[in-house]
Amino acid sequence: MAETAVSSSSGLAAAQPAPATSNSLLNAITSRLVIIVPYLWLLFFFLIPFAIVFKISLSQTAIAMPPYTPVFGVDGFFDALSQLNFDNYVWLTEDALYFNAYVSSVIIAAISTFLALLIAYPIAYGMARAPTTIRPTLLMLVILPFWTSFLIRVYAWIGILKPEGLLNQVLLATGIIDEPLIILNTHIAIFIGIVYSYLPFMVLPLYSSLEKMDYSLIEAAQDLGCPPISAFWKITFPLSLPGVVAGCMLVFIPAVGEFVIPDLLGGSETLMIGKTLWNEFFNNRDWPVSSAVAVILLLLLIVPIMIFQSAQARAQEQGR
Amino acid sequence: MSGNWSRFNIASIVLGFAFLYLPIVLLVIFSFNESKLVTVWGGFSTKWYVSLFHNQGLMDAAWVTLRVGVISATVATVLGTLAALALTRYTRFRGRILFSGMVFAPLVMPEVITGLSLLLLFVAVGFDRGFLTVTLAHITFSMCFVAVVVQSRLMTFDRSLEEAAMDLGAPPVKTFFQITLPVILPAIVSGWMLAFTLSIDDLVISSFTSGPGATTLPMKIYSQVRLGVTPEINAACTLMIAVVAVGVIAASVANKRREVQRARDEQAAQRG
Amino acid sequence: MNSLGSIRRSFAPWNDPNAKPYIAFENVTKKFGDFTAVNNLSLSIFEKEFFALLGASGCGKSTLLRMLAGFDEPTAGRILLDGQDLRGIPPYRRPVNMMFQSYALFPHMTVEQNIAFGLKQEGMPKPDIEQRVADMLKLVKLTQFAKRKPHQLSGGQRQRVALARSVAKRPKVLLLDEPLGALDKKLREETQFELMDLQQTLGLTFVVVTHDQEEAMTMADRIAILDKGEVMQVATPAEVYEAPGSRYVASFVGNINMLEGTVAERTENRARITGASGAEIVVENAGDAAAGNTVAFAIRPEKIKVSSRPPAQGTANVMEGEIYDLAYLGDMTVYHVRLADGQVLKASALNSSRVTEDPLTWNDRAWVSFAPDAGVVLTR
C-alpha cells in the first residue's frame, strides 16, 4: 500500500495538486502507523520484558520489595555489567531439583505430544475423508472445547480420575478391576490432561494438511500396486508431515512450560519446570531465581519455537 | 481429500469426540447434584447455583473478568488487525523478521514466562499491579491470536477489490474502511471472540500480573479448586461454559443463516 | 466395397467373429445411492485396441474406467479382463494402470521416484528398475528432468511423467482419464499423435475417457458414445461420424443438420421423406425406417452444396432459401441458409481457390442440394 500511495500521488498531481499532496501525506502516515503501533506495543510488552527477565536473572536476591536489587537503570550500562553475577545460574546447576525438573518437563511433554499425535491422527484423517457437507460441523466440534475454559477442562478430569472418581466407579462396577486405580497425582494423569487440553491444536494442523491432499494420489499408489496400509506410509504420511510438525510444536512447546495441568492433576510429587517457576516466584518469592529458570526454559524452547516459526513462514509463502 | 468414509474413520471420530466432550458433559451433570460429593449422584438440585449467586467473592471476580475481557479483546482486536495488515501488506520493512517473530512467538510461549516477564516489566516501570496491568497483559498475548486469525483471512483477500476502489478514485485510507474492512469483518469478529475467551480463561498470566482488588474468576476458581472439588465450582464452570456455548452457537447460526440466504439469493439471481 | 469416411483399417478385430474380447463389461450396473451411473451396460474391447469412452460429464464414462481400475465395484454384472473376472480384486492387484486426470504425481518424490514407484511395489530388482526408469524417461524425452520434483515441471512435462509412470509396469491395459484435458490446444494436438505412437510402440490396450469428440476421433480405433450410463453406439470414428445410430450421437459428434419428417414411401433401398413444410427428400441407405415412421434426416454441413443459381433440372433434393448468415473461416466458409419454412440449414464449402466468382452474401437467394446418399435417416 505504501508504494501505491506514492504512485497515486504522482498520478494525481497534475490534475489536482494541492489536495493530492496532503492526501498522500496522510496516507503515508497511516500506512506507517499500521506497522509502527503494533510493532511498538510488542516491543514494549513482549521483547523488553524478556530483556528485563534476563537482567534480573543476573541480579541478587534482596529482601526488600521488589525482591531484587536492580542491576540496571540510569547508573550506566558499564556499571551494570560489572555488577553482573551468575549466582542464580550457578544455583540452578548446583541444585538437582532444577535439572530434574527441566528433564522431566521435556520427557513428559514429549510423551504427551506423541500420544496426542497418535490420538489426533485418526481423528483428523477421518475428518478429512468425511463427506464435504459435514466437514465444517466436525471442524467446529473440534474447536468448540477450545472456547471453554482451559482451567475448567483440566478441573473436570479431577472428578473423573480420583480414586473414588467416575472412571474407577465405572471400572469397579463393570468388574474390570477389583481395586481403584491410582491415576490422579501420577504422570498418567498429566499425560491425559495435556493430551486432552491440547488435542485440538494437534487435530487442526493435521486436518488442514490432510484435507488439502488430493485423494487421487492414494488411488494412484494403489493403482501402481501399493496396498492401502503401505500407501498410507509412503504417500499420506509423508505428505502430512508439515501438519505433523506444526501440531507437535503447538503441543510440545506450551506443554514443557505447563503449570495448571501438573499442579492440579500431577500432585505435589510431580516435577515440571512451569510449576517449579511458579513455586519459586509465589512461594519462595525469589524473583531472580525464577527469572533464571525462565531464561533457561526459553533457551530450551528456542529451537522448537524456531522450527514452528519457519513452518509458519513456509505455510504463509505457500498461501500466497 | 475425500474417498470412502470407512467404518474405521467414523469410529475414530466418534471416540475422539467422546474423549473431548465426556469430561465437560460430566462436569455439567454433576453441577446439578444434590449431594456435596461431586462424584456420587444424590438427586437433581439447583441449590449450588443459588449458593453461587450468594458468593460475593465469586461474583466480584466474575465482574472483573468480564470487564478485563471486553476491554482487552477490543484493544487486542485493533492492534492484532493492524499487525495482520502489516504482515500481509508490507513484505519488506526494517525489522520484519523480528516483528513476525514477536507475533507468532506468544502463540506457543509458555504462559509462566509471559506472565513473569510482564510482571517484571510492570514493576520496573512502576505500574501498580491491578486492573490496568492485567488488561495490558491480556491485550499483549491475545492480540497475537487476533493477528493470526485476521492474517489468514487477508491472505485469501482479492487485492483487485482494493485496486478497483482506488482505480475509481478512493484514496488508500478510504479504500481500507469502505472495501477491505467490510470484507474481512467476519475474521475480525471471530478474532475478537477468540481474544475475549482467551482473556476470561486465563489463569497463569493473570496471577502474575494482577494485584489486590483485581482477582479474576479463573484465579478465584483455581484457589477454591486447590482446596477441593465442590459442586459450587461445577456450577460456576457450567455457567461459564453456557455463556461461551451460547455465544459460539449464536455466532455460527447467524453465519449459517447468512450463508443459506446468500445461496438462496444466488440461486434466485441465476434463475432470474 | 465403398468405405465410410475415406479411411481403410487393417486392424479391425471387432469385425472378426472369432476374436475374443480382451475386456468385457457384461450387464454392468453401478449405483451411487439413488443415482444410477451405469445402467446394465455391455461392452467389448479387444487386445491392442485404442478405445475411447466419449460422453458429456455425468454420462458414466469415468465410472466405467474406475470400475476397470478397481476403485469402484459394479453393483451388478461383471467385468472380465483376459477371461478373468475382476470382481473382488483390489486395485493394487489388477494388471491395469491408470493415468489420472490430475496426473496424481506424488509431490514429495522426484520424477525418477514417481516412475519407479510401481516397479518397486512389484519387488523388481534394483538394477532392472533403474534400467526401466531410464528407458521410460527416454521414451517420454524427460531424461534430463529425472531429479526434478513435479512442481518444477511444466504442464506438458507433468503429463509425460504421469504417462511414463503408468506404462512403466507394462500393464495389460492402460486407462487414461481425460489425458489431455489440462493441456492447451496446441500441445493437445501434438500430444494426441504422441499417444498414438506410444500405443503402437508398446503394443498396449488403451482405454481413454474423454469429453472431447475431436480427441476421440483422432486417437481411437473405436469410440463408445455414452449417455446417462448407457452405450448409445460403439463404432469406428468414421462410422460414428458418417453413420450415427441415433439423434443423440449425430448431434453429439460434429456439426449436423437435422430435418424432422415422415417416411412417405419406402422401397428396397430408397426412402422418400416429407417434411413438415412439404419439402421432399430422397434418401439411399434408409436403414430400418419403414413407411409412416417419424424420422430425422441428418446431414453434415460439408455434404450440402450451396449455389447462387438453381441446379440443373432433375437434380435430387434441391431446396430454395435465403442466405441468413455466413462465416468466413479461412479454409472454408459456413453458410446459414433459411428455408421457406423458416428452418435454417448449415452448409460449408471448402475454399479451394483464392478467388471466387460471384460469391454469395447476406440476403442472397440460394439453392441447397445434396446427393441421395449424403445423409442418414435416424429412427431413434
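A, B and C label the chains in the order they appear, each numbered from 1.
Keep in mind that, in the parts below, a contact is a pair of C-beta atoms (placed from the backbone, for glycine too) under 8 Å apart; a residue touches a chain by one contact, two chains touch by 3 or more.
Remember, predicted model here, so these are calculated numbers, not experimental data.
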For this session: Between the chains shown, work out who touches whom and classify the graph as line, ring, star, complete or other.
Result: line
Exercise. Which pairing of chains accounts for the highest number of C-beta contacts?
Worked result: A-B
Exercise. What is the distance in Å between the mean C-alpha positions of chain B and chain C?
Worked result: 58
Exercise. How many angstrom lie between the CA centroids of chain A and chain B, rounded to a whole number?
Worked result: 16
Exercise. So which bits of chain A are touching at least two other chains?
Worked result: 214, 219
Exercise. What residues of chain C sit close enough to touch chain A in their complex?
Worked result: 69-71, 90-94, 96-98, 100-102, 104, 106-108, 117-118, 121-122, 165-166, 169
Problem set entry | Of chain B, residues touching chain A in the complex | 1-6, 8-10, 12-13, 16-17, 19-21, 23-24, 26-27, 30, 38-39, 79-80, 82-83, 85-86, 89-90, 93, 95, 98-113, 116-118, 120-121, 123-124, 136-137, 139-140, 143, 147, 152, 155-156, 166, 171-173, 197, 200-201, 203-204, 207-208, 218, 221-222, 225-226, 229, 233, 237, 240-241, 244-245, 247-248, 252
Exercise. Considering the complex alone, what residue numbers of chain A touch chain B?
Worked result: 1-2, 4-5, 8, 23-24, 26-27, 30-31, 33-35, 37-39, 41-50, 52-53, 56, 66, 119-120, 122-123, 125-132, 138, 140-142, 144-145, 147-153, 155-160, 162, 164-166, 169, 196, 199-200, 203, 210-215, 218-219, 249-250, 253-254, 256-260, 264, 274, 277-278, 281-282, 287, 290-291, 294, 297-298, 301, 304-305, 308-309, 312-313, 316, 319-320
Problem set entry | Complex interface listing, chain A residues touching chain C | 214, 216-217, 219-228, 230-231, 234-235, 238-239
